[in-house]
Amino acid sequence: MQIARPLPQYLIQRYHGWKATTHAENKAWYRRLADEGQRPRAMIISCCDSRIHVTSIFGADEGEFFIHRNIAGLVPPYAPDGDYHGTSAAVEYAVTVLKVANLVVLGHSKCGGVKGCHDMCAGNAPQLEEKTSFIGRWMDILRPSYQRQSGIADEEARLEAMEKDAVLVSLENLLSFPFVKSAIEAEELSLHGAWNDIGAGIVEYFDGETGRFVPV
Amino acid sequence: MQIARPLPQYLIQRYHGWKATTHAENKAWYRRLADEGQRPRAMIISCCDSRIHVTSIFGADEGEFFIHRNIAGLVPPYAPDGDYHGTSAAVEYAVTVLKVANLVVLGHSKCGGVKGCHDMCAGNAPQLEEKTSFIGRWMDILRPSYQRQSGIADEEARLEAMEKDAVLVSLENLLSFPFVKSAIEAEELSLHGAWNDIGAGIVEYFDGETGRFVPV
Amino acid sequence: MQIARPLPQYLIQRYHGWKATTHAENKAWYRRLADEGQRPRAMIISCCDSRIHVTSIFGADEGEFFIHRNIAGLVPPYAPDGDYHGTSAAVEYAVTVLKVANLVVLGHSKCGGVKGCHDMCAGNAPQLEEKTSFIGRWMDILRPSYQRQSGIADEEARLEAMEKDAVLVSLENLLSFPFVKSAIEAEELSLHGAWNDIGAGIVEYFDGETGRFVPV
Amino acid sequence: MQIARPLPQYLIQRYHGWKATTHAENKAWYRRLADEGQRPRAMIISCCDSRIHVTSIFGADEGEFFIHRNIAGLVPPYAPDGDYHGTSAAVEYAVTVLKVANLVVLGHSKCGGVKGCHDMCAGNAPQLEEKTSFIGRWMDILRPSYQRQSGIADEEARLEAMEKDAVLVSLENLLSFPFVKSAIEAEELSLHGAWNDIGAGIVEYFDGETGRFVPV
């Protein structure tokens, strides 16, 4: 790996800022977390998007949330085929090893992944249909949603509906994992869906009883 | 998804805290990020571990870093087989759509994923060898490292060596992606490796010239 | 302009140092900033003083802060009389074109401009009273502060009070600009005042609620 | 100034990073600079643009350069009319009080101020013609250049020519200041012009003998 370069200066200065403040203030806590291991209360699955950090929105202090971030915060269906499944591995670790009490899937507005899926299904992004497009294949998970929401005339509203569908598709796929299902049945785990409007700073959660997203 | 439950109260309280402070302070910035889109300077790949949030260590302001988190912060090799590849999709999005300038892989001490890989390879975790173990199959990516580091007598030192190997394996796998390689050749992208000691709060970066990890 | 001389050698050497390090490390980022334009999050107004560079104190990465520097970091009151107003033009560009979210006025200790104002008002610098003195006329902006702080016996303390007054006078003058006022009312902009002690390296911010400067 | 808000968190964290590194490493130097005053070798006049920090390009350590930044890095002509002239005050302070040895005017590519001047002169930005437009009135300083460069067909080339003209116009205006002229005649001061290509990272200086900009 001769090609690897030292850390950019801007990250180094940021690191020193953290070391002099957050870390200095919480030295003992970091030491304990290192010595005794983590014991997070919740797993949160959200998007890689730089505009929405659950650590900020939910004020994640160190040791509290086990966070998996991928494009659009999607969970694929259970498929124990021996291949690499990063998301499924993260869910398995959170539920069976860490035994988190809550598992939250957090979607968001203006999601580039969902937009890509929409455009691909609408026939406007043929490059995403190619076998070599990892983004396209990953967004296949959400493909059924395009058909479901195609009746919505306004594109922005249709995209938002698909963003919220993405949360529900992930929650449904989570139920296809035997260890998730049994943890829920044993009342050791609960599932939660939410969606964040980046511009307005609003969070809506999914209400299983009414089947709607509701502002908190 | 009738099974989905409202957001836990502790997350709602955190959210309102964020809304009243960070969001209130930066309303205009959030609005612009929503309207104009993200333009992150770097992608950071790190672990889901609740004890190490790059948003904290690198003071990630909204809109700055595109963050993918999975078990052990691993990148699998390039495999355009049409299946779901969440990590590869995230890398493709960051490099080809967002055109980030830096791609940082950040490993850390006391990594549960690396420990699992170690124990599995040592024959002490047979359940991770099963085809149905997503954790085991995901950690197969790091398997060659066990052999490489088996000469280290002290287990803690061996684990740390494997944690750092995980960073290098991910960087090497990144080079197997054609779009990563060509972005580097076009001087549009640089790769960086780093490792964080949770307890001590130290960050080391990988120096490609000497082939060693060096404290910043 | 035959009189213009080539760049001094010491600047050329510095430039090559930057080219070989910061620029080489961030080639792609500079290219993107050039192609896509700047989108700074904040405007910072500070002094020309060579001892206080906000780029250093706030680790200004390229593209982050729009920086105006003049003597004492002063903002004159709104005066759309058709004359040249460099500071007002900078504020107008930042607020109406770039739409920055934060506008920070940063004063500092041992400010030569403030000292000049103090001495002029005390009758000890008659040359600054002349119509041809640009420094004197510029520092007229701060003149009311001398009267206000004249009760402080210790000169050093009096000067510090005037330096902090300079920040407040600038913030007040900023409010006299209609586009600043309306951006604040639309919650698109917030004003911030701060003061840096050069020798001690301390930064204090102005707390609008208590009306005092407080160390960060 | 009840309206003033505390410093945003992202600036506070940056500050702590600086305090723990740059300041900690140079404590004694900062202390001396505070106690003994500044003694900068050069004054640099450049743009407020967030993409070009002379502190970075010329590696400005604390105490070395007296830096004035305004829109497009312009210097208006000498006009001792008793009004506020921030740029003239800065030049007067640098030349008569600090007695800098070099005065550098640094222009740059993709300059929003120059583009505004161009569009205004081309009749495409009527709002900049209004008396209340501080940007428009400030850019009046460069107005003669539009006519001069109007023969260049390619807009990008025309803008670059105007950006370089801006440097020359400023240098010429500097000569209209009696104290600048006499300092040059006494060989205590030299003037320098330069232009930075943001994307390519190239710096060109103005060669008074050939009347051309030349890469360093």
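Letters are used for the chains, namely A, B, C and D, taken in the order the chains are written, and counting of residues starts over at 1 for each.
Following the convention adopted for this analysis, a contact is a pair of C-beta atoms (placed from the backbone, for glycine too) under 8 Å apart; a residue touches a chain by one contact, two chains touch by 3 or more.
Chain labels with UniProt names: A, B, C, D = Carbonic anhydrase.
Keep in mind that this is a model prediction, so the values were computed, not measured.
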Comparing which residue numbers chain B and chain D contribute to their contact, where sharing over half means same and under half means different, the two sides are different
When A-B and A-D are ranked by contacting C-beta pairs, first comes A-B
Separation of the C-alpha centres, chain A versus chain B, in whole Å, is 14
Chain B and chain D have mean C-alpha positions lying a whole-number Å distance apart equal to 42
Chain A to chain D, mean C-alpha position gap in Å, rounds to 46
Where chain C touches two or more other chains simultaneously, the residues are 22, 25-27, 31, 41, 59, 61, 190
Chain A residues touching chain D in their complex are 13-21
In the complex, chain A touches chain C at residues 5, 8-10, 13-14, 17
So, in the complex, the side of chain D touching chain C is made of residues 1-8, 10-12, 14-19, 22-23, 27, 30-31, 33-35, 37-38, 40-43, 48-53, 55-60, 62-71, 74, 76, 80-94, 97, 102, 104, 109-110, 112-113, 131-135, 137-141, 168, 171-172, 175, 184, 190-194, 197-201, 203, 205-209, 211, 216
Listed in rising order, the residues of chain C that touch chain B in the complex are 25-29, 31-32, 36, 39, 41, 61, 99, 101, 187-190
As the complex stands, chain C meets chain A at residues 22, 25-26, 59, 61
